[in-house]
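Below you'll find the structures, each written out as structure tokens.
Same chain, two partners: chain A is paired with chain B first, then with chain C.
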Partner chain A sequence: MISRVLALALNTFREAVRDRVLYLLLVVGLAAVAFSRVLGEISVGDQLHVIADTGLAAVSLLGVMLSVFVGTGLIYKEIDKRTVYTILSKPVRRGEFILGKYLGLVLTAGVCMAVLSAGFLVYYPLHGGAVTWPLLAALLFSLLEVAVIIAVAVMFSAASTPILSAVLTTVVFAAGRLSHWIPDFMDQLGRTRTGGSVLQFLLQLLYYLTPNLGIFDLRDAAVNDPGRMPAAGDLLRIAFYGAGYAAAMLLGATLIFRRRRF
Partner chain B sequence: MPAWRVRRRLATAGLLAGLAAAIVPVTVLNDRFDARRRAAPPERVLYLPKGDTLKFLCLGYNGLAADMVWIRSAMYVGRRLNERQAKYEWLAKLFQVTTDLDPHWKRPYRVGALLLSALPEDDERAVALLRKGLDNNPGDWEIPYRAAQLHMLRGRDREALKWLTLISRTVPDHPRVVEATRERLLLDGQDHAQALALAAQELRAGNGRVLDSVNRLNYREALARLTAAELTAWRRRCAAAGGAQPAGVEGLLAARFRPSGRGDGARELTVRDLLRMRLEPLVGDGESADYCARLPADPYGMRFHVRQDGAVGSEGLERIELGRLVRTCNFHLGKFRELSGRPARTLDELVGYWRELDRRGRLPKGLAAIVGHPPRMPAHPDGSPRGWGAVELRDGLLVMPPGPDVEQMLSAPLAMPGATPAPAR
Partner chain C sequence: MTAPAIAARSLRVVYRPGLFQRPRVGLAGLDLEVAGNEVFGYVGANGAGKTTTIKTLVGLIQPDGGEAWILGQPAADAAARSGLGYAPENPYFYEYLTARETLEFYARLFGIARAERRARAGDLLERVGLAPAADRRVRQFSKGMLQRLGLAQAMVNDPKVLILDEPMTGLDPVGRHDVRNLILDLKARGKTVFFSSHILSDVEALCDRAAILHDGRLVACGRLSELLSGKTLAVELTLAGAGPELERQLAALALRARRDGAELHLAAADEAAADELVRRAVSGGAAVRSLVRTRESLEDYFLRVRREAGGSGAAGGAGEGGA
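Moving on to the complex of A and B:
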């Protein structure tokens, strides 16, 4: 099974790196990192802060855009071009197909983010910055966050068209980034006693359904105050949460894909 | 050349011509729009939602958004400095939004407070920004130290002492300089020397055009305050020695004393020389010698003088303080006009408005420090500044008495640490 999944993943990677969008995103990301120096010049003496913020945000944004632009068309393209017949006529389970596609795209995103991160990690010390473990952890957890978003994109891709998948993935990404506001909002509702228990329940449901992407964001601590980095145990828990959520999305994608008739 | 190739080349040439024809008007139009945008007052182009709203909109990329707003603030200050306008009405909001977006980024608190206190001279907002910074970064010692510096610069040593005590009680690993400053404040009272040394140090380090402009303002103010305090002390020493009081500041500068701590055999030096020696370690030999040679000229191109209470004061600094008080009053006279629909006819009406604010508990803290509880006629905390009697109320706003304007005073020749010459504000 592992060899089949790996073969699918490598094939997906090879296919994805042929996509020109990927290179365009990478060039834009590298240009943003290079341009951050200019922004830093006019930042009244905090050039390093601007370079670090821009570099980390560029790596994260590259991964997110890649998931949305490439990930959402992943399964649909196979069905549309009918290459899925060739693959599924072989002894490959549908779950293996989904997992292979997912791993292939995570590998693609990982390679792209690693290239951009390497650019940033070379550029940052050139301006006097120090490459610290919180900075590396922030980059690594950006990749973990992207792995979760790719899982969401694959699930939507298994169910609908690329455009709809892209819209839905973007919505889930935005909701995930803002999901930590939901408990505050619920507290507010509770205090003002507006909205009934149904609304509270729906909000609670939304809170658990959307991925809590805020926890993967270590950029603030890495740039401003490494002392506020979560402890190793907490980082491990965050990684488990990401893996669990991605696994749930992939299982959902498999369930949907198993019911599809070609 | 075959006909198809000619046709193809013609088509390419046509496309290139079309491209050029499209680019030219687009560039011209863009320049025109840009010129219109530049001509518009910053209020029109600087619309910013609240920090919390922006935080929601930028989907977690708060740090990057904070950087952008911070850079916008720097550009705003730079532009105002270029235009030599003293209006910085958006500055506080820009810093508020920056710090809302990235509450753990410490530089906007420190630099923001410095700019707020020096450019719009809004000490109240500057201290509020530093207090916010301290709430968000409780382990940082530099933010409260900046607040202490600000109070020291203004001669409010009790306030400065409160901040320094706060650091020594709440931040365990604060550096030695905090305790040293605190001890000196406790022992000597006013510590203008520390404020001057810090301004000189910042200027020597060079922090870019915007911050250097601000540090030059602080340098002049600290130098004026320290000189006035030192000259007052020497004048008191003259009185204590029982001799005749020297006539004016000129006479005081020529008075001779034996330097303390050098034994009875030491040669007597003039107060001018003693002051030069006092300033040398703080600002540098050349700067100190140049400044002392110009005395009794003050750092603003005006003069030091002996006040009625016997203390020595700087005419330039007194005029600057008078300007601060007039601006504060005019801000509230504007509010009065907005609320009542007519300009104030007398200053009693302004005091009445402040009393109403005080009754509702809405009198700003900084203003209360100036006008008291219950508010009375405006007066500076150190007593009515010189020239207050000559301030006139015209069309509902206070008008400064005739005299040199701030820009003129701030471009008065003065040797300062750092390479660049002192620009006017």
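Moving on to the complex of A and C:
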């Protein structure tokens, strides 16, 4: 099983790195890192903070864009281009196919984000910044967040067209980034209205269904207040949460994909 | 007892295209058995269910009823595909990979070791005539080259059973000749080859047995020598030097008559009628240039069986494109 999943993952990675779109995204990301100095000069406040903020945001954005643009077509493209015929007629289980494609895109996103992170980690000290473990943790957790979004994109890709998948993945991403505010919002709502409203139920549903992506965002703490960084145990819990959510999405993708006829 | 290479019992596939569209029957209780080391031809009109059968056998479609086995293992199990090779009609590959990389990738899915993968990819590319294009990206390939690569990937695991969906599609006469030889070579190596084709002369030339599918069910299956009656359909005569009066007399006795310059072509219903035409032609001063007996071909048989089964034009069963 492992060798088949690995073969599919490496093949997905090889396909992706030969696509020029990937390099375009990388160039845009590197340009954003370089442009952060200009932003720092024209901004009010600490120039270093702006460079760090922009650099980390560029790395995160590159990963999210890859997830949405490539991830949402990952499975659909295989079906549409009929490459799936010659793969699923080999001793490959459908779950292995989903997992292989997923890991291949995570590897692609990881390598792209690593290249951009390397650019940032060289650029930042040149302007007097120090590479600290909170910065490295923020970069690593950006990748974990992207791994969760890719799993969501793959799940939608197994069920619908790339455009619909892209819309749904973007909605889940946006909701996931905002979901950690839902409990506070529900508290306020509970104080002003009588409980059990439809809105509260929907908010609760949204809270439990969407990934809590806010917990992966360590950028603010890493740049502005390293003292607010979660402890090692909390970071591990966040990583487990991400892995669990991604696994649930991939299981959903497999269940959908197993029912499909080609 | 050895399990058949391919078997299907009461295989049923129904397509449900949408909530408000009527379900279409792709396969209506198909029974099929292909023995080891057979070359088996699978014939049917567009929409008869050939591709649906093949996709069910290779695990791309789960049937609504019945069962299928490959070498005794349920076709739905991934393990059953270890000994199977499948070439789809109009195969598609990853465009950014070269032909060699493509074959090595497929070999890897079978857990074949790196050195062996390399060797096999090289051998197969040689065998299907793609060695000169081995390191060219697949996106630059013509339709015929893709078809050849499709056959090569089907053989990457040295399978005991090969299922080929319209393997001659998109090939030029040289390509068709090569594929015919390849199928015969596979049989000589002890493999079982199951292939669908619209080109009935290929089926007739290559197959030990053939089956005819109509609206999702088999309407004929057996050895070609048993299926084709061998009876004379017509005797074709070509005469030279027949004058207008003789032509008029002979045409009245023949099934068909057609003049082509100095030659007169006649068709007699059977040997006795042909004898009579020859006798009169010679006594009337004409010379016999050729005399050919036409037996029932697979095409004649196919059309007859379809007529008897109630089919006429394109069948109304499963759509081959989506099926």
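Simple rule for what comes next: the second predicted complex is superposed on the first by the 254 of 262 C-alpha atoms of A that agree within 3 Å, B and C clash if a C-alpha of one lies under 4 Å from a C-alpha of the other, contacts with A are read in each partner's own complex, and residues count from 1 in each chain.
Here is the rule we use: a residue touches a chain if its C-beta (ideal position, glycine included) is under 8 Å from a C-beta of that chain, and two chains touch if they have at least 3 such contacts.
None of the values given here were measured: they were computed from a predicted structure.
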First, second, both or neither for A:20, with chain B first and chain C second: neither
Partner chain(s) touched by A:181 [first = chain B, second = chain C, both, neither]: first
Chain C versus chain B, contacts on chain A by residue: B
Chain B versus chain C as contact partner of A:4, first or second or both or neither: second
First (chain B), second (chain C), both or neither touched by A:217: first
Which superposed partner A:53 touches (first chain B, second chain C, both, neither): first
First, second, both or neither for A:89, with chain B first and chain C second: second
Residues of chain A that touch chain C when the two form their complex: 3-4, 7-8, 11, 14-15, 18-19, 81-93, 261-262
Partner chain A, residues of chain B touching it in the complex: 56, 59-64, 66-67, 70-71, 74-75, 78, 102, 104-107, 111, 137, 139, 207-208, 210-211
Sites on chain C touched by chain A in the complex: 55, 58-62, 78-82, 84, 86, 88, 90-94, 96-97, 101, 105-106, 108-111, 150, 153, 157
In the complex with chain B, residue positions of chain A that touch it: 39, 42-46, 49-50, 53-54, 56-57, 60-61, 173-174, 177-178, 181, 213-214, 217, 219-221, 223-225, 227-228
